[in-house]
Amino acid sequence: MRYTRRMTLTVTNLGCTRGGLCVLDGVSFVVKPGQILVLQGPNGIGKTTLLRTIAGLQPPQSGQIAAPADSIAYAAHADGIKPTLTVGENLTFWAAIFGTQNISPALAAIQLTALRSRPATSLSAGQKRRLGLARLLVTGRPIWLMDEPTVSLDTASTALFIAMIASHLGQGGSALIASHIHLGLAAATYLNLTPYANHIAPQPSPFDGVTA
Amino acid sequence: MSIWEYANPKKFMQTSGIVLPWVSALAAICLIIGLTWGFFFTPDAVNFGATVKIIYLHVPSAMMAINAWVMMLIASLIWLIRRHHVSALAAKAAAPVGLTMTLIALLTGAIWGEPMWGTWWAWDPRLTSFLILTLFYLGYLALWQAVDNPDTAADLTSVLCIVGSVFALLSRYAVNFWNQGLHQGASLSMDAKDHVSNIYYIPLLISIAGFILLFLSLVLLRTRTEIRSRRLAALLLRERIA
Amino acid sequence: MISLLMRDITLAMRAGGGFGLGLAFFLLVAVLVPLGVGPDPITLAKIAPGILWVGALLACLLSLDRLFALDAEDGSLDLLATAPVPLEAVVVIKSLAHWLVTGLPLTVIAPALGLLLNLPTSGYPWLVAAFGLGTPALSVIGAFGAALTVGLKRGGLLLSLLVLPLYVPTLIFGAEVIRRGALGLDATTPLLFLAGITLGSTALLPIASAAAIRVNLR
Amino acid sequence: MDLGKYAQVVLWSYAGAIALILALIMLSLWQAAITRRALREVEDRQGKPNG
């Protein structure tokens, strides 16, 4: 399916917090259709926090996030799969939420068609991860936010993931991926978040100046 | 909705530091005058005997129990809309004081009712609604304790306070519906002051003023403590990451 | 949105979904009380409305703390929050699913338990009416409590402390309907109050619940 | 100042109420003192009282 409108994600001077603590500040980048941007940096630097802020799950402390409405699909560490439901039921549910009717192309893309009627409990971690990626396909949204997508994927699945991404880009989609390992994606540009990490400047607290 | 708004806890600390001694001194004076006058210098009421003296505790504490919750409601709204940290902490500070006032109202109401109703607890609608108010206070305080991030805690408790207020009002009238009520009738009605003949009225006013000032001074004191502990947490946080 | 409803119901029906839990608990309460209070039919008849309602409250409360916590643990709540579906609607749908799985079955078997508690015959139509109109409020108010405690560690106990005071109006009016019905009196006034509370909370509370979930997801 | 047969009732009410108020005042003062001492200790350690 072709993404009709051209969707660009522009982030300017973004600052985000975790547990009241400002972890990243002044982050700016643009992800045009057909592009992948991989966010790199050591664990705990705030990759997940940044993705959650862009996905709208938490308010930014400063800066702007500009993206057309309903254009962002977010895939977190946890895949949102119900173990007691079958693969088909899980995917049909998410497809219905996003208004997509047919889940077979998505299943085919991640080669889980054979397991369609198998309960999700019996899936391996890699298969669960692939089902999570298939969920992105059924959202029909061009900009994908993915948090460590290749974790627990074996080499075959990773190749599958790369092929899926490539076809997504081919149809005018784009992806923002947080990963601490090198994905080996040809068309990807990399952004290291270390310079934006904010542990040097002391936190401005509303209670400054209060004395004993 | 930026993370913290200019609400200047520092300025609050300065002004409250000046005001607190005066308010607490005034509170002490009013309480002492109101209660001693009420206790020693008022005659027995015709059908109540000496128990009429308990109104100097029951009426003010009952009023403060409700006003404390109203104050917490307003402070919660200010926090949700204007993100003023001081008002969120003031709401947190007022809760234990409101709870104590409710317990006092319950205690004095139950003891006072004993000779009239023949039992220590008579499930009278008004006393029962104070019992329900106690549950709301306990729930509110428990929620503050259960959440670690102070800003999340402030948001959640504010929402609970708003919803709780609606249901407290509903319970207040549901309780009337549930029991026709043994509560004292018009002769010396609890809330309608105009029924109280004036020899009892003046000390009642003073003790009400005393309770209001006591509430204010305790809330100011406790809010200052909350602000200092938040400041302490911020400093420790900086120490940990520096 | 229907898909969310269907999913929640199938989840509840599947193994470990806890469908029969509330019903079994309600039956237990209705059996244990006479064992505790004694078989004397007159006393049982007098306390039957209250026991049935308290049993219903606790049965609903039992399955509420998992309402959002399950979705929060496996990430569905995050994904639902970023889906093109308003969170308020998600809360309403989950409350409806909870009611269909817990409140409705309670309403169906309540008359049978009324027999156990020797409820006078004139009370049964009012019993079903009261439960039918009152139990949805239990689910909606309970969902608010579940939303407040979704991220907390020991949320279950706190949920009861937060939600039970909010159940007081429904409990009082609900029991009043059955009590008057049992005496053969006309109980439409308390029934209207009961319905009013249910409609009011169903209309307004999801907004507060969704706000609480957004705060907890932060 | 004879309290009549209700003496018990009145005295217990006053005693109970005043005890509750004093307990709350003591608790609040105690908490204030602890927090203040801890804050002063950290401020001295960090050497920048105005933050």
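Chains here go by letter, A, B, C and D, matching the order in which they are written, and residues are numbered from 1 within each.
By our rule, a residue touches a chain if its C-beta (ideal position, glycine included) is under 8 Å from a C-beta of that chain, and two chains touch if they have at least 3 such contacts.
Source: prediction; values computed, not measured.
**Student:** Would you mind naming the chains that touch subunit A and likewise touch subunit B?
**Tutor:** Common contact partners of subunit A and subunit B, which must touch each of the two, are C, D.
**Student:** Mind having a look at which chain is the central one, using mean CA positions?
**Tutor:** Central chain is C.
**Student:** Need the CA-centroid distance for the pair subunit A / subunit D, whole Å please.
**Tutor:** A distance of 52 Å separates the two centres.
**Student:** Using mean C-alpha positions as chain centres, tell me how far subunit C is from subunit D in Å, no decimals.
**Tutor:** Distance between chain centres: 41 Å.
**Student:** Between subunit A and subunit C, what is the gap in Å from one C-alpha centre to the other?
**Tutor:** Chain centroid spacing, subunit A to subunit C, equals 37 Å.
**Student:** Find the geometric centre of each of subunit B and subunit C from their Cα atoms only, then give the gap between the two centres in Å, rounded to an integer.
**Tutor:** Once rounded, the distance between the two centres reads 31 Å.
**Student:** On subunit B, where are the residues touching two or more other chains?
**Tutor:** 228, 231, 234, 238
**Student:** Which residues of subunit C are in contact with two or more other chains?
**Tutor:** Residue numbers touching two or more other chains: 218.
**Student:** What parts of subunit D, by residue number, touch at least two of the other chains?
**Tutor:** 36, 39, 43, 51
**Student:** Got a list of which chains touch which?
**Tutor:** Chains touch in the following pairs: A-B, A-C, A-D, B-C, B-D.
**Student:** For the complex, which residues does subunit A have touching subunit B?
**Tutor:** 17, 19-21, 59, 61-62, 199, 202-212
**Student:** Within the complex, which stretch of subunit C touches subunit A?
**Tutor:** That would be residues 2-4, 7, 10-11, 14-17, 71, 73-76, 78-85, 217-218 of subunit C.
**Student:** For subunit B, which residues are in contact with subunit A within the complex?
**Tutor:** Touching subunit A from subunit B are residues 1-5, 7, 9-10, 13, 85, 149-151, 227-228, 230-231, 234, 237-238, 241-242.
**Student:** Any idea which subunit A residues touch subunit D in the complex?
**Tutor:** It is residues 205, 208-212 of subunit A that touch subunit D.
**Student:** Quick check on the complex: what are the subunit D residues that touch subunit B?
**Tutor:** 1, 3-7, 9-10, 12-14, 16-17, 20-21, 23-25, 27-29, 31-32, 35-36, 38-39, 42-43, 46, 51
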